[in-house]
Amino acid sequence: MFNKPAGTFNASYTKDEAIVRTRTQWGLLIILVGILAVVPYYGPLASDYWINFLIYVAITVISVQGLNILTGYCGQISLGQAAFMAVGAYTTAILSSKAGWPFLACLPMAGLMATAVGFIFAIPAVRVKGFYLAITTLAAHFVIIYLIISLEFTGGSIGIYIERPRIGSIIFDSPQSFYMLVIGVTIVMTVFAKNIVRTKVGWAFIAIRDNDLAAKVMGVNPFTYKLLAFSISAFYAGIAGSLLVYHLQFAHPEHYGLTQAIWLLGILIVGGMGSINGAIFGSIFVRLIDEITNIHISPALGNLFPSLAGQMSAALGLLVFTAIVGIFIIYEPRGLSHRWQLLKASYRLWPFSYWT
Amino acid sequence: MDMFIQLLISGVLVGTVYGLIALGFVLVYKSSGILNLAQGELVMLGAYICYTGINVLHLNIALAFLFTFAVSGVMGIVISRVAIRPLVGQPLLSVIMMTIVLSIGLRGIAILAWGAETEGLSIFGHSYYHIAGAVVSEQSIWAFALSVLAVVAFALYFQKTKGGRAMRAVAEDQQAAQSVGIKIINVFDHSWLIAAVVGALGGILLASGSGVSIELSHLGLKVLPVVLIGGLDSIQGAIIGGVIVGIAENMAVGYLDPVVSDWGLVGGGLRNVFPYILALFILVVRPHGLFGQKRIERI
Amino acid sequence: MLSEMDSVKESDIALRGSNITLSFGGVNALLDVNFQIFEQEILAIIGPNGAGKTSLLNCINGFYRPDKGSILFRGVDLTKIPSHKIARMGIARTFQNIELYTGLNTVHNLMAARHNFMRHGVFDGAFYFGRARSEIAEHRERVEDIIDFLDLTPIRNVEVGSLSYGNRKRVELGRALALEPQVLLLDEPMAGMNVEEKEDMARFIIDILELKKTSIVMVEHDMGLIMDISDRIIVLDFGSKIAEGSPSEIMQNPEVLKAYLGTKS
Amino acid sequence: MNISIKRAMLLFVLLGSLLLLPAIGACGDDDETAQEETAQEEDQTPTDLGKPVKISQTFALTGPYASQHKEIFEAYEDYIKFINDNGGLKDTNGISHPLEMLWVDDKMEVTTELSFFEKAKADGSLIHGSLYSSAYGALLPKAEKEKIPLFCFSSSNMVIDPQRTGYSMFPYYEDVLGAYVDWFLQTWDKPSQPKLAIIALDNAYGKSALGSEILDFIESRGVDVVAKEVVDAVPVDTTANLIKIQNADADFIYAQVIAPTAAVIARDMQKLDIELTIASPAPMGPSALLDMAPEACDGWIGMLWAGFYADDDRGVKFMRDLQTEYRGSPMETDQYALGIASVMTMVEAVRLAMEEVPFDELSPEKVWQFGINRIENFDTEGILPPINLGVEHGYYGQNHVRPVQIQGTQIKWIDDFIKCPDTMAYKEYYQTEGKAIAEELAGE
């Protein structure tokens, strides 16, 4: 695929499968984690505004990692991710506000509940392929949101307020502390995702994605693994939804619209399908552009053309999203992660970069 | 009983328009293998263009229709050339996402050009007729008649003309069609043109009842269960699926809403969800819809 | 010939198909085909294009369900078993148009085929600890053996989508071997190769037979090679078996000549 | 390579032409106003002495409420221009400061809303507004923690529970429905029990009319709710719903919908020959309905919070002047009136705080303490009944509605402001828990 860092010789197969190979890589990783830990306290991002942004990016990363396993690795398109986030969010909101469950119980429960719901909707979904699948997951979205808005115990159209998360006696009240919590969960979920895709289950997923007919003939049960992929993806969505609802401290059906599901798919494409890094790059890149467009450029543009203010800013975000994702689909379908790998490869081969 | 007949007839009338819009999906799918999730936006834009023709350019109704078809048709071709051509050979997700972002972009364009205002669109008269124990409005009769006319016209076009035959050939086998000298790319343009025109007609017919707004694009989502039920590649499936969904919606409101309301689902409100649930059940039994072609997998 | 067949011991038969009929929309792809595959032999299936050779392989590993007939393997009727379970029972194959997992590299294509032998699931996998780690190391060793065996070492870390045609064919063979098959089905393993590559492939096939004690069913067009390496040959034409026998018998069979050359018998 | 360059060029041409579209869309009616506006901006520079005072507000210019929010947005813009043209706001030292609105189109996405809230906070916005409940609900915990006064238009009862630094000066949807029921009962002279049918939009706003508390309230008034119907935001056909209402033999209808839905309902009612009293709450603009279904909407009642429809009213005259000055010609919509009332109250809170607190010490908390809490009987030029906010005033906002009716091609007030009944448990909450919390917050 791509070259390994020079001077790395693997003495065992376990080492050959390792993600982090050299001392430099360990060093860089530790520095990265260090930066993530320090960011909310020092430097240009140490403000509520940026912390809020980073929290949201991190939550997006979790959700996209799940979608990545389903769509990027297993090749099953899903427009239902936002609805599964809603399931996680509402599980958390109900358990936390009505039953008083603590964070550490709510979070996994949200994931499991979303998994269960995801599993139910996966049963029709694994039987169909391609466009039929896309619409089936769309149906899942509509049915789930319909149920949330129509049922009484979900707070229906009114919504549910919840308290800040707490573990034992620690209440994650400040943006900084909640950021730490979210980043922690994000790192764990990302490591899990990476491990899942580099072990047996992950290979089976890729086999189904790349060639489902051959996979079937070569001993991979497509139904089981598609169900599994849907469940894992829903689990990730559930966790992301749970964190999001803790972040917002409020659950409302309008927070989990179809647009969210589309955004998640768009992020996946921009980041690069079937790449754990891609989910992270895509989340950061797309959210950043979205943020800049919506919060900074679009009101300014609106003020510049007062008679068209509303139209301008309403249209801008939509057009920018269209342009970004459209350009990536046409010119770099493998997304940012592919660019990143090219960059890495040319660094490793320097000064013979033309080898790639 | 009275209610049943009324619901049935209203369902058939509106279902035909759904069928017409679904025809747009099917045509594009058959000729290019792409499910156009931006069909709803083509519907919405059609309604807006017609609104512009009537209320801004002050055209008479016939001219406004022609104007709408012309502009929509050009738009269809532009979309086909700019967004769809580069997708040949791309993975399925790219194709799906492309039509989704296209839908978002088209919505953006509509907002830029017309703002977010909701406008009335008055084309047909407002009288009412009693037919077979049901009351129907002039608008829905027109909608029904024009939809049937359009469907028949396109079916004939598909069967009889050179362009239609080329489209059928491409639908059967792209490579074989190419080898006998059919330019696939032109067929793409062709099918997108027709899809845009069909969508625009559907948009005008529906907007003459509920007014023109950006939200009209949600009709695209409403019509998706139609193609799911009918099968993505079947023209008669689109029409029958449309009628099924039209009737199912009305029956859900009439007879199922009170039931689920008793179960604790506030007010029922199954109209939008029920066709999807129906489609899910049909898919479990028939993964290619009621009339869709099952392709033999080769390895 | 019949008497010869009768004298065969039941335990020597790896796979027995009886009266297999398969049709698509009224067209018969296979019509009443009977065949046996013996333990440790190379059986070649030949016939003109569209004769139903690939369909027969597809029936054996459950990709198509025959309309009639049965395929017995170790006393089990394969026509009632889903194809992924058939693979698990020890029937592996390669494909006419190379069906690899293009996004994975050579090693992982083979590891994916070891799927059935690994016991770790999502949870072990997610933590990459204990069973997952040890199993992967263990199976990696087996995979590396196959890679050595097939001379794939230089391309072991290359994504298979970017490999040359001949190499991909070889990786596909490796993937089939990774399943540790008792019956190996090869669908045109040498199609599109040059002479040198064909010779390599032929040697691999014979080695597999000898070292792994596998029965091999091979669909192939290169008559010269088939005559050289196969033990027995079945000839299909328009879905029916028209001849069966040793290479020399087939060479002289008038039906076969007619099917191939259109000569009057 | 060449092909991809071609593609890129095509794409950029397309994107470029997209940017040209607004010009096409705008040509005709908007050009003159744009020119006027730039001319006015040049005139107003001399008053800009102090630093600007900032308020922030989000709108959803995309989505189902876009047309309403656009009018509200224009109201905000106009009123702020009006304040600035009249010398801005004076601080304790007598220096005037121009007013500046930070705003964003949140596209009904809560994360954009939250992000903008944080940005506005960082930029020194003194008071924040959002328009609908799903956003408000997510902002409230943050606003409360920092004691930032938060305004909201949307008024289902969740807005109130728990209310600490959040305000809506409009009556709650449930109360509006209660007021409608009471208003209808005044003229009910038949011996039978009156029967009500409710039509609700298929979203959070619509379904708040079907909550259990309000249904209990309606029953307690002796009214039987015989039909609870849910319709789409963009309905194609409501025949089925209306037949059910007809079969249930309802006496009057309440439709918690927006104008496009109302247009379809009106037509279908005409088709089915249903002649019942029907009313809708504020977000259903009667003027928009009149535009969309002029032939069918005669008699439709709007239970409005504020409106444009009385010529002699001071507030209406004020708004008409405002629009003539900044927009060229008056356009009569109730949403604009709501926007004006809301921004007036927000600005009033800032103004009151600026009277007490030196400019340098102004903060959202100060605005809350010295502004909001001192708003007592605030008169919005008569657009709304007097507004009371803050702890001591016992009531947050105002809870009156005023019915208008579409009569032919005209929209007419048909009654004076009616005080809404308290249909929900929140009144009690105010007096006890809510007040305690607010006092505790204020006391710190």
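The letters A, B, C and D name the chains in turn, as written, and every chain counts its residues from 1.
What we mean here is this: a contact is a pair of C-beta atoms (placed from the backbone, for glycine too) under 8 Å apart; a residue touches a chain by one contact, two chains touch by 3 or more.
This structure is a prediction, so every number in the text was calculated from the model and none was measured.
Colleague: Measuring between mean CA coordinates, which chain is farthest from chain D?
Modeller: C
Colleague: Of all the chains, which has the CA centre nearest the overall CA centre?
Modeller: The most central chain, going by mean C-alpha position, is A.
Colleague: What is the distance, in whole Å, between the centres of chain A and chain B, each centre taken as the mean of its C-alpha atoms?
Modeller: The mean C-alpha positions of chain A and chain B differ by 32 Å.
Colleague: For chain C and chain D, let me know how many angstrom lie between their CA-based centres, rounded off.
Modeller: The computed centroid separation for chain C versus chain D comes out at 71 Å.
Colleague: Let me have the rounded angstrom distance from the C-alpha centre of chain A over to the C-alpha centre of chain C, please.
Modeller: Taking the average C-alpha coordinate of chain A and of chain C, the gap between them is 41 Å.
Colleague: In whole angstrom, how far does the Cα centroid of chain A sit from the Cα centroid of chain D?
Modeller: 35
Colleague: Which chain B residues touch at least two other chains?
Modeller: 86, 105, 107-109, 111-112, 115-116, 266-267, 269, 272, 297, 299
Colleague: Can you list every residue of chain D that touches 2 or more other chains, as numbers and ranges?
Modeller: Those would be 7, 11, 18, 22, 25, 61-62, 66, 69-70, 207.
Colleague: Which residue numbers or ranges of chain C touch two or more of the other chains?
Modeller: 63, 95, 99, in rising order.
Colleague: Chain pairs in touch?
Modeller: A-B, A-C, A-D, B-C, B-D
Colleague: Taking the complex as given, what residues does chain D use to touch chain A?
Modeller: My answer: residues 4, 7-8, 11, 15, 18, 22, 25-26, 30-31, 33-34, 37, 59, 61-62, 66, 69-70, 73-74, 77, 102-112, 114-116, 118-119, 121-122, 132-134, 137-138, 140-142, 156-158, 162, 203-208, 211-212.
Colleague: For a test of understanding, state which residues of chain A touch chain D in their complex under the given definition.
Modeller: Touching chain D from chain A are residues 47-49, 52-53, 56, 149-150, 152, 156-159, 161, 248-250, 252-255, 257, 259-260, 290-291, 294-295, 298-299, 302, 305-315, 317-319, 323, 326-327, 330-331.
Colleague: Quick one: in the complex, what on chain A touches chain B?
Modeller: For this pair, the touching residues of chain A are 71, 75, 77, 123-124, 127-132, 134-136, 138-139, 142-143, 146-147, 150-152, 156, 213-214, 217, 258, 262, 265-266, 269, 273, 310-312, 314-319, 321-323, 325-326, 329-330, 333.
Colleague: For the complex, which residues does chain B have touching chain C?
Modeller: Listed in rising order, the residues are 296-297, 299.
Colleague: Under the touch definition given earlier, write down the residues of chain C that touch chain A in their complex.
Modeller: These residues of chain C touch chain A: 61-63, 82-85, 87-88, 92-93, 95, 99-105, 108, 111-113, 115-116, 118, 120-122, 124-128, 132-133, 135-137, 140-141, 144, 157-159, 175-176, 179.
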